[in-house]
Each structure stands twice: as C-alpha cells, then as structure tokens.
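Below are two complexes that have chain A in common, paired first with chain B and then with chain C.
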Partner chain A sequence: MASYQSLDIKRRSASTSTPPTVRSTGLEVAKLIDVSKCIGCKACQSACLEWNNLKEEVGVNTGVYDNPHDLTPNSWTLMRFSEWDNPDNGNFEWLIRKDGCMHCADPGCLKACPSPGAIVQYTNGIVDFVSENCIGCAYCVKGCPFNIPRISQVDRKAYKCTLCSDRVSVGMGPACAKACPTAAIMFGTKEDMKDQAAQRIVDLKSRGFANAGLYDPQGVGGTHVMYVLHHLDKPEIYAGLPKDPQISPLVSAWKGGAKLLALGAIAFAAVGAFFHHTIVGPNRVTDTDEANAADLAEEANGAEPTPETRTL
Partner chain B sequence: MAIEIERRPLIVERTEVKRYSASARVNHWITAICFVLLTLSGLALFHPSLFFLTDLFGGGANTRAFHPWIGVVLVASFSVLFVRFWRLNLWNRDDTRWMTQIGDVVKGEEEHLPELGKYNAGQKMVFWGTSLLLIVLLASGLVIWDQYFHGLVSINVNRLAALTHSLAAIGAILIIIVHIYAGIWVKGTVRAMTQGRVTGGWAWRHHRKWLRSEVKDEGDH
Partner chain C sequence: MTNAWGDIKHADLVVVMGGNAAEAHPCGFKWVVEAKAHRGAKLIVVDPRFTRTASVADFYCPIRPGSDIAFLGGVINYLLSNDKIQKDYVKAYTNATFLVKPEFGWSEGLFTGYNEEKRDYDRSSWDYQMDEQGFARVDETMTDPRSVFQLMKQHFAIYTPELVERVCGSPRDKFLKVCEMISECSSPTKTMTSMYALGWTQHSKGAQNIRGMAMVQLLLGNIGVRGGGMNALRGHSNIQGLTDLGLLSNMLPGYLNLPTEKEKDFGTYMSTRGFKPLRPGQTSFWQNYKKFFVSFQKSMWGDRATAENDWAYDWLPKLDVTYDVLRTFELMNQGKVTGYFCQGFNPLMTFPNRGKITAGLAKLKWLVTMDPLDTETSRFWENHGEFNDVKTADIQTEVFQLPTSCFAEDEGSIVNSGRWLQWHNAAVSPPAEARSDVFIMAGLHLRLKELYLKEGGAFPDPIVNLRWPYAQPEEPSAEELAKEMNGQALSDVFDPTDPTKVLVQKGKQVDTFAQLRDDGSTASFCWIYAGCFTEAGNQTSRRDTYDPGDTGLAPRWAWAWPVNRRILYNRASSDVSGKPWDESRKLVWWSGERWTGYDVPDYGPTVKPEQAVGPFIMNPEGVARLFTRGMMRDGPFPSHYEPFESPVANVINPKIRGNPAARIFKADLEALGSPDQFPYVGTSYRLTEHFHQWTKHVWVNAALQPEFFVEISEELAKEKGIEKGGWVRVWSNRGSLKAKAVVTKRIKPLMVDGRPVHVVGIPQHWGFIGKTKKGHNPNSLTPFVGDANIETPEYKAFLVNIEPTSAPAVA
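Right, the complex of A and B next:
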C-alpha cells in the first residue's frame, strides 16, 4: 500500500536522501488495544480480511482457539489466546491479545530492508510496505522484534498490517477498530490514546490489577499500536509479547555504519593495488630469466634449445 | 642514474611450460564469472548506494532470486578446483620464509626469496582463505535463502547468518582483489589461465622449484 504522498514520508527504507521536512509533521496516530476489554470474537480479524479483500485458507483445528494458527501473508492480524493461572489469587485468566504490526517509531523492518522505498514510515507514524518495491528477501522478518511480516510463497512479497493507511489517509479509523463490538480497539491521536489508556489503567488498578499499564515499548522508540495490559510486568504471558523489544544488536551491526567501513576497505584495497603498481611498477620476466629457463631445459634433455621468438 | 641502458642479446631463447589444462581453465573461469556476478548482485543488496546494480540482473526481485543460485554454481565449481589444487597448496617451510620476507615480495625482488613450487605463500593463502570463506558463505547463505529454507533455524541464528554472510563476503572480495591484482602485477601470469602455458622465464623467476620438477619430468620421458 502507498496511500500517502511523498510529502508525508518520514523515513524510507534503503535511502540515504533526506525526506521532505518542509511541512509540519502533524499528529501521530495510534491504535490502542485494551486487552482487558477484549472478548475474543475475532470481528477484528474478519473486518481486516474484508476491508483488505484477503482470503485465508480454511485451516485445521488443533484444539486451540487461535485461527489461523499464526499470522500469514493473508492474515495481518490474529487473536492469540493464552490461558493463565494467576499465582497471586488463584484466578484463571483468559488473556486474548490481538497480534499484528506494532508500527514502531524505530522500525526494525525498515532498517533491515535493502530495497529503496519498499518500506516507508509516514509522518503520522504508520509503517507501510510498498509492495511494488518489495523484492521478497525477507530481511524485514529479521529486522522485526515482534515477528510480524510474512512472505507470500505465491508472489514473494512481504505482508503485514497497514494500520489501514488507506482508510486513515481519508480520515477514517482502521477496519478492526470499527468492527470491535466492545471498543477494545480504539483509534486516534497517540496522545489521546495515551490519555484513554491512563483512565483505563486507573480503573483496572481500582479493581485489583495492581500492575496494569500501557505497553508502549521504548526500546523501539514507542509504538503506534499500544496495549492496555492487566499485567504490564509480565507481557510474556500474553502469547509471548516481548518485555523489552529492541532491534536485535545483530541486525544493528549488520545494518550499521560498519557497511561503509567495509566498502571503504574494498575501495582501499583496489586503490592500494593501483598505487602499488604506480610505485613499484610491473613485475616483469627478464631475458636473463628466459635464458636461464632455456638453459635448464637444455641441460635436462641434452637437446638444442629452440628459440621461439627473436628479439633484435 | 636516470637513464638505464639495457643491452639485449641478439637472440632470446624462449621456452614454454604448460601450467593449466583446458579443463582447469574452464573450471577456473566458471568460478570467476560466478564470483563477479555474486559480487555485483551481493553488493547491490549490501548498501543502498549500490542498489542500482540490481538493474544488471533485471531488478531487485530478480537479483534476490538469482544470487543464491549463482552461489550454488560457484560452490560446485570451486569444489572441483579445490580437489584439483589442495595438495599443491599445502604449507611448507619455504612459505614461512616467503612470508617473513614479504617486503622483498611487494618490491618484486624475488632473487632474495627461496625457490618456490607451483604456488607461493600468497597464492596458498588466497586458496585457503577463499575455501574457508566459501564454506562460511554457503552455510550462512543457505540459512537466509528464505524461499527454500525459511524457518530452518531460529530467528536469531538467521540474523547472525545475515551478518556473517556480509562479513565473509567482504573478506572474500578483499581476497579476490589481491588475487586479481597479483595477476595484473606479475606480468605473464594471466596467460596461464587464458592459454594454459607460461614462459620458462616466468616459471624460472616466480616458481623455480616447480620449473625444475617440470623439466625433470620432461627429461624422464
């Protein structure tokens, strides 16, 4: 998807040029997913498939509610169901987290992408894949700290939640938020969503969830999809939500300034070779070498050496 | 003195020695062509400023698709080269001495160096360095060949493989620069791989021990 104009682009993958800055950046948007209000109906999944006109294959039930079992190139959002026994009060808790792209402020996918403009970040914070520039290398998968992008085996393109950038660009909210019957999914400016979350957290704390809080991980500069969690101290219990997600140091090393150093080393070697030749000159075989070789051959077989060429 | 006067004998005797068979030459050049293609397509995805190189392969997606297959051909071809030449590249005492006199080597003052067999220590290091890096490149490359080996290893190993693949590739490119430059600098070398034969004088100057054994074999026939 590319639903914005180039003036709205804040960052562009594999591009060294400065993005346009003349226009004020405007508001950042965010989706707030209140896990404590989710009833697991999967209306968000259906709405996502419907709006984006995606078709998921009919799968097989393996005894869990997750359907499909994982994010796929066609399922950009997925309800992940976790059953958890709370050791503090003995309560059984059914934790349902709507998984999908977090739209990081510091997107690992964008950092890892080698194709110019295949991944863009808009000034409103949405991180979008521009399919026409995608080359299918799956570097975005390596870059992502949340295991979100999926590569289609059919067309070798990477897919993930667009935060309905096409809807947002014309002033609408994401399809999932519109479909959610309990308003567990909300959409607005990032500031408004933080305020909304703060109210919800006060409410949750008053009802015994002392560790309730907003999941807006700073390791990736904050996200434009945030969760209200009843147990912010243990995000892993929500189907493995990472506690302190960051772009892997391996990816940072791979995609960091060392690249220029490496190209510099190659250039240095090539230029160094040129100057070696300039200083030392060619290493030439002399006539004496040739004569010595001929003598050696002559000595060995006792025959007259035959001169191949004559130089006057 | 600024002016050197060279007195040449009227007749220069020239001999020729066979250095590479036709099949070794073909084997070498298949490997070399693959290496060049891999360098171009690999660097295209290595740094944004070199992405334009994908145009040589018909775009980014094609470059991504072709690169690993070219790698497979290169590894297959190099494996044959390895079998041909590994024995001749075993390290010996002369190589250690050659290394300690590296100053004479870069100045081209070979009269101070020990007599050498078919390969000198520099060539041997190119051989073993390339062999080692190709193993690393193959292993890390298969793992990040997402189209066929997706999910073969954990995501962190996958990330490590991408980093390793880049580093090993840079190492291999540096080695090849040395290899190509040595061929340019030492005159009369390239013909060994293009025509299969070198002059006796070339062999006398650079690989005298090898020349002696070739001459001896000839004499035995």
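Right, the complex of A and C next:
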C-alpha cells in the first residue's frame, strides 16, 4: 500500500526516498465549493456518510443547525452555519460553509506525520491517509492549519476527507459533488475550477458583493478544495475559515531543527543503551510485573479487544 | 405548476413567498440557482423566517405569518397605482374589461350577501352583467366603474404601504423594494415566476393567498409565458397524482366533481355543467364535460353503465357534506365513525390538535393502517411517556397494521409538480410481508364482492358490477392501471366531421381526450391522462432529452398532462395577433396558418388570431379571472383576514375573527386561544434534512437533524430567559410540547400595529418511533380549522406561549 508507482504518489510522509519522475504527472484536480450557491441542505454530508460507509451517531440539538457539532472520525465533511450581520449595509447574512479537508498543495498534516507512508499526496493533488501506516499520534491534527483530521477513539487512526480518491481514480467526481442539488460543489481540473470561480465572482460583484473572490490560500501553496466567497476579505466570518493559513511553525521546527536534534538524542540513547547492555546486562521482567500483567489480561477478558488489550 | 421545473431557468425574477423551495424542494431549486447564475435572475424571499432559501436570495423581506393577502394586496395596489401592468395582456387576456352586477359590493371586510349565522355568502351578486344573449357585458376601455378593473382598483386601494407595514410587520422600505423589483416584470420582455407551497395553502384563506399572487402574475402578463407562471411546489411525491386522480373526498378523477345529494339524477347533475361560452365565438373546453364523465363511468362499470341507466350515475355516492379530514375526525370524536382506513399517512403526528386526533382514534372500533413505515398512528394506543401519554388499557380500538411497499419497491408513474408523469421501475422487492397497496385494495374488493354476491346487501350494485378486467385479479399490474387511466375505445370511434372514418378501432388505446365520447363508445378513468399510455406504448417511461429551443421543456421526456403540454395557457405567450411578446423567449405563435412552437398549443390549432377567441379556453369567458365570480366561497377578490388565532384584531374590521366564510366546529371555536394568554405566533414547517416523518427512520437523516427543536429570536429568548440549546415548553390552548431551543438572528420580532410580535418556528419531523430522538410535532398545538374552500388546516399561523423548562421525563 502507498507505494509510489501504482498510485501516482507525489509525496509520502516521513520518507526520504524520491518519487518516480519519469511518469507524466497528469492534471491537478480541485473541488470548488461555491458558498453563494450553497443552500445548506447537507446532501453532501449524507453522500459522504453513504459512500464511505460511515455511521455517525444520532446526537442532540445544541441550539444550532450544525449536526454533528464538529468533524468527527465518521463525519469527514460538515456544514457549518454562521449568522452574520453585515455592518456595511445592515443586511443579515446566513453563511453556510461545507467544512472538510482542503487538500493543501503543501500539506501540514503530511509534513507533521512521523509515520512513513501514513499520509500521501497524489500527483493530482489529493492528500490521503493510509490507515495501516497510521500510528494514531495525532501530529497531523497539530500540523493542519484548518483543524481537520480527527482521531478515532475506536481504532486510534486519523480520518478525514479523501476527496473520494477511490472515485476520482476511476474517473468519477467526489460523492458530495455528485449529490449537491445546486451544483454548489463542482469538481474538475484545478484550472477549470479557477475559470468557473472567475465567472461566479463576476456575477457576485454585479450583485453588490464587492469583495467576492476565490479562496485558494497561498500560505499552504494553494488548495485542492477552494471556496467562492462573497466576502473574501473576511474569511473568518465563515465559521472561522483562516484568513492566511500557514503550517504551524512548530511543525517546521519539529521537522527541521528539532528533528535533527531528536535524531541526535535517539542516537545518543542507542549508544547509551548499548553500553548499558554490555556493562549491566539485559533488563529482566520481575515476577511482580508478570503477575500484574496476567491480572490485567484477565480483567480485559471477555471485553471487546481494543488496540491496548491486543498489545497485552 | 402552470409551468415546468426546467422552465424556471428562464425567469428574470423568482419570488419565493409561501414556500421555502431551497429547503423543501432542494433538487428543483437547482433551476433557481441556474436562473441566477446564467440569466442573471434575481431572487426575492418573503418569509417570517430568514430561511435557507433566503440565504441565497438577492432580497429578503420579513412578514408576519398569516398576513400574506395584505402584502399581496399591497403589491397589487402598487402595480395599479403606478401603472406597472402589462396593459395589452390585461385587457385582452383577463376579465378586467368585464362588467360586474351593480348589487355586488364590499364593505367593512365583507362582500355582499354575508350570512353570519351560516358563516357563508349568498354569492348571486358576485357575477357579470349579462346581455340578452347571455353573454357577459364588457367595457374595452376598462373605465366603467363596474368593470372588474375599476372594482379591483377600488378594492385594493386600502392596501397602502402603511397598511402593509402595520398588518404584516414588513418594514415599509423593504416592502416597497419588493414592489419595485416585481413591477419591472410588467415589461413584456421580463418575466417573474412565483414558487409557493404549503406556506400559502395551510391557512384558513389559503386558496385566496394563491389567488393574490395569481392576480399579480396576470397583471404583469406572466401567465402562459416561459419563465413565468404560478408554480405550486407539491409537498409530497405523488400528491399531484393524488389530486389528479380525485382522491379528495368531493372529487372524481380528472377534476370532475362527485355529485351532491341535491343532484339526484344525471340530468340535474349535468344541468349546471353546460359551460356555455360567456363571450361570442368563445371556446369553452369544459363543454366536453359529459364525454369525460361518461368515459369515467364506462371505465368504472363497463357494459353495466348504459345510456338507459344514465351511465350508472346512481352508483356514485352522493355527498351530503364534504368529508375532508377535519370533518372525519370531528365525526370520529362524536362517535359516528366505526372504522378507518389510513392509507399512506400519519394523522396522529400531522392532523391539527393532536389531542382530538388521539381521542377520535380511541373511539373507533377498528383502524387499518397501510404504510411502508411503522407510523405513530399505528401505535397511537402505546404509551411513550411525555411523547404519547395515553392510557393504553382504556383504548379498545383494534388496529390492523398492513405493511406496504414503498416507491422504490414497486413500479408505476409518479406525477411531479410540473404535471409530468414519470414511470419508474422497482429497485428492490418489498421486505418481509410488505405488499403493494394495489394488492391490498384488490384483495379487499374481491372479498367484499364475494360477500355481497353470496349474502346480498342494501345496495350491492356499485361493488358487484365494478369492471375488473385484470390478468391477475388479485393484483392488477401498474401497466394495466396506467392503460385504464389513459382509456380505450369500447367500440369503433368515428371522426365527427366524417362519420365513415374510424379514428380509433374497438379495443385500441385512445391517443388523446379529444377521442373520448359521451355515447358509451369510450372508457377513460382519468381523461386528463389520456395520451399517457397509447398504442405507441408507455409515454411516461420516455427518457429522451431532446429539447428544441433550449426551453427546458424536454417534450420527449416522460409525459405531461394534458396532451403532453408543458406550459398551460401557452397561447398567452403571444399577443393578440399571434406574435410572441418576447421573441427571445417565444413559446407558441401563429405561423400564418396554424399555431406552432415549442409546446403543444393550449388552443384550437387552426383558430385564427382575428377570430379573437380568448386564450384561457378552460374558462367559459376565455380569459383569466381577476374577479372569480361566485366560484370561491370567501370572495371574488382576496381580502385580508387574520388567522383564527392572531395576536392582533383585523384592522379592516376588528369584529371579524379569522376567515368569515371558513367552517369551524363549535368545540374547536371554543378551543381557540387569545393573545393575552398566548402572545406569540406559532408557525410550522419542514427542514431540508427530513422528509415529513419518513426519514426519521433513516440513520443518516437522523444523524443530520437528530432532535426536535423550536426556533425563536434572540430578543424573545432574552425576554423569557431561554438559553440556546436549552429546553423549552411551548403550549397553545389545545396542547403542550417540549423542545430544544434554537435561538437565532434569523427570526426577528416584527412591529405589528405598533407592538412587537414574536414568532415561534416549529418544524414537523419528529415522533416517538424511528432513529431520531423522540420528539413532538407542531400538531400538538395547531387549531382545528381549515381553508374556506378546501379545508387545508391552518398549520402556518396560530398562538402559543413559551417558557424555559427541564428535559422530558423520557428522552
């Protein structure tokens, strides 16, 4: 899984090998979410759950239309509803944004991921998680400037929108775009989507939205999920869409200087351990430790095996 | 719909009022989005709440629930007093020029002829002045004070922007902006479409709400044209088919009427259905009524319906009163109903005043439910704590729950809002013991027939003589039924102009209702469906996207009634001389020899323009009615009436409560609440995440909108100490419910008659069965009163109170 060749992988987390270069990389794809055409019907959420066979829990109402209340390991996309009084003209606006992975050209999650091949970026721009390589460390969550990945409490894996890489790989668009009744979600090459957005922006400007524009933030190298916004100057009014998203400096530090330091520390520990082994001899498990472990195993007996009990 | 879904893309202005298309009809709403994106159309939303439709609108104007006629009256007044009407259209294609009887009048909120005791009108004065030949008198100049045009001007003059603001709570500047945008469509080259749904029908004056907008559309010249029309978005798949097939208690298929007790014989019945033209040389299509009626009777009773027995007229039930759902449950409460068949609906969670519904069901001897889903009605006797607090031991009703197949489990046609009959195949087999409704009904019929044949009875004739020509009598196929609705020749049908020419051979399917006869030679169950399943096959299963002129009408996709016509009254898309009003949006025009175009002309195909036959050929006047004569119980013009429960008195006449011509039963009148106890306006509606109470059975939908809530403004929440997401109790004079509170900026208090009016929005998707959290429905609160003409209950405006509370005992 996640080998470079068969899947047109451009980048792979925590890997130093160079991707193949002789294959034609093909076109970059993008999903365009036209917020001005979105009616907040949640057909995209429904399609995502159905296509990906996800089962979201039946929750409660907390006084808003957003359900579930946040992205979860089972809900990879979510309509976020924001009520906003426009101070310029006194108009009330109900801004509805479909939240989910932005598929950054420069993905913070992939950069932060310490597990080789757990996060990959395909040549078409899709950023995908490869579950069997995921160690559940949640560094991707920290690395994401949009706060998208969620860690499952069931299997300790990270989950997020795949941009329906399975569908796209066989020439279909994402399930959410297919289900969208008003074509507020469009899918195609990134260039085509930019052209489409340009037309929409002309229309929106003619309707008085002087700051209408395309959200394709350059701080992350541009994204493969883009928004047409009526108010590009204020993306934060759309349920906190970041104005200038950047990969956290901690990730750069971690993957840059800190990584070197850490590698040094690991090397030091290894050398220390070698000397400890040769001088003191191997660590032995005491009888008490063995007994405790046996008790724990018994307690866990009959319960659903969790990753923790399995490692016992 | 007069028009079609795909036609909405040709509109310059879309007005969504009395509906919430984006939320309740998200798939059809794509055409509005299309009109905006590619035609530059503007969208106006007028609604008590800032809805999801409003979220993509160019302009939003708030309105108090139940005040739509005042608003629309204001629009009509604006158009008339600013001369923003399409005059040539109004003059030639409406009854604006017709003269009305001198006795007709209106004062202090009432038309002439009102009888307070009967809550009804003597409508004899609501008519035209007739000349010696029986034709209506007209004044082409429209200046005669008795002309409909002048009477209309006078009637709507009181609806000033000041009055609109005072009654509707719509800010004056916003109302005027709406008027200005609408008035631009009085140009022959600009059209507006009206999209409405249950936000207009579910009022005690629902039909008049729609009339109000129909008048606006006629004044603008927007009926019969592309991108225009009065477009009713049907609230339930296949509710259009239901009305077409006459499933209302007083109707027969194809909008024929069930006889009343007064119409004791066929002659009497037909005597008021002559539809004699009211203008010289006018086509009056309903003159064919007898052909359609006799063909229906032949479809029902075949050879047993003969000229001698007046086509079995006596076998039809005769109505003493109409048996709408409100009356039926009233009778149930009076203990006058023994058994009840509840097929494909869920009255316990939908019909008004739930307490009365429960009490009624509990008085039945037996109840049969036929539904693909486990409905609350089937379990009305089961205690679910606060969600269905009944004493099971006291209920003796025997319930038979018959599971049926759902739309995806059987084949057949479904009629969409645009009157298109679209065939679908079964995707899967029904689960377990579920059987089709047809199987169940056929089984009932065959067993009853057998009993009647064996044991006799008071009046077995209609049942034992029923025509039953199906290959498998116990389960007629969808194809057989569709063919029967279309109709066939029972003997050779000849050309009336050439009696030697056979038009349809005996045993063949008819091609159109023009081939139906009143001599017993044809049978057709639903004349408007004639043409849907001909000798050329099943027209409703056609799937050709051929669309000349990019009209969005796709004439070879499925089949639309009547005669595959996609836009009704389409002759009106051209001027009197037959030239399109708008060349870029032409539809049907005069070629010099015949009417031609992109749609099937709604007109005699070779009737020359100079013959001056009016384009509204279903009316004996030949023109559209701005003044409806005596055809509606509550007035020939819409007039503002408050809902039966209103926070304010009627400003026109404070003594009038509700619609003065609407029926209300005594106990229900007494159960109305007053604004001092119930100061807030409740209104009910759907959410896009759910479809009625069906989708609460589906896990995905349940996750997307899991729990019952009500919506209130930030101001009301503050006043009452209600927290966002907290529990509230909402109660009316009839019932009480608990819900979560959605506190929102999307609902704002409205200034009505000088004081703020708060709206409490109550969605209608929850119950005590299904995957969602258990919840209530607005019908716990709603008043038991309906529209004056068709008895659609007043779900959209009633009085409630609200307070913070604790969670229900059983959650």
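Here is the rule we use: the second predicted complex is superposed on the first by the 251 of 312 C-alpha atoms of A that agree within 3 Å, B and C clash if a C-alpha of one lies under 4 Å from a C-alpha of the other, contacts with A are read in each partner's own complex, and residues count from 1 in each chain.
Basically, a contact is a pair of C-beta atoms (placed from the backbone, for glycine too) under 8 Å apart; a residue touches a chain by one contact, two chains touch by 3 or more.
Remember, it's a predicted structure, so these values are computed and weren't measured experimentally.
Once the two complexes are laid over each other on the shared chain, residue contacts for A:Arg23 go to neither chain B nor chain C.
Looking at the shared chain after the overlay, A:Cys41 reaches chain C, while chain B stays out of its contact range. When the shared chain is aligned, chain B comes close enough to touch A:Gly136, but chain C does not.
In the superposed model, A:Ser115 makes contact with chain B only, not with chain C. Look at A:Glu50: by the touch rule set out above, it reaches chain C but stays clear of chain B. Chain A uses no single residue to touch chain B in one structure and chain C in the other.
Residue ranges of chain C in contact with chain A, taken from their complex: 22-23, 26-27, 29-30, 33, 36-37, 40, 50, 52-56, 58, 60, 688-689, 699-709, 723-726, 740-746, 771-773. Residues of chain B that touch chain A in their complex: 8-16, 45-51, 54, 59-61, 63-65, 106-108, 110, 144, 146-147, 150, 155-156, 158-160, 162-163, 166-167, 170, 173-174, 177-178, 181, 184-188, 199-205, 211-212, 215-216, 218-219.
Contact residues of chain A toward chain B in the complex are 14-16, 114-116, 133-139, 141-142, 147, 151, 156, 248, 250-251, 253-254, 259-260, 262-263, 265-266, 269-270, 273, 276-277, 280-287, 289-297, 300-301, 305, 307-312. Residues 36-43, 45-46, 49-50, 55-65, 67-68, 83, 85, 92-96, 181-184, 200, 203, 206-207 of chain A touch chain C in their complex.
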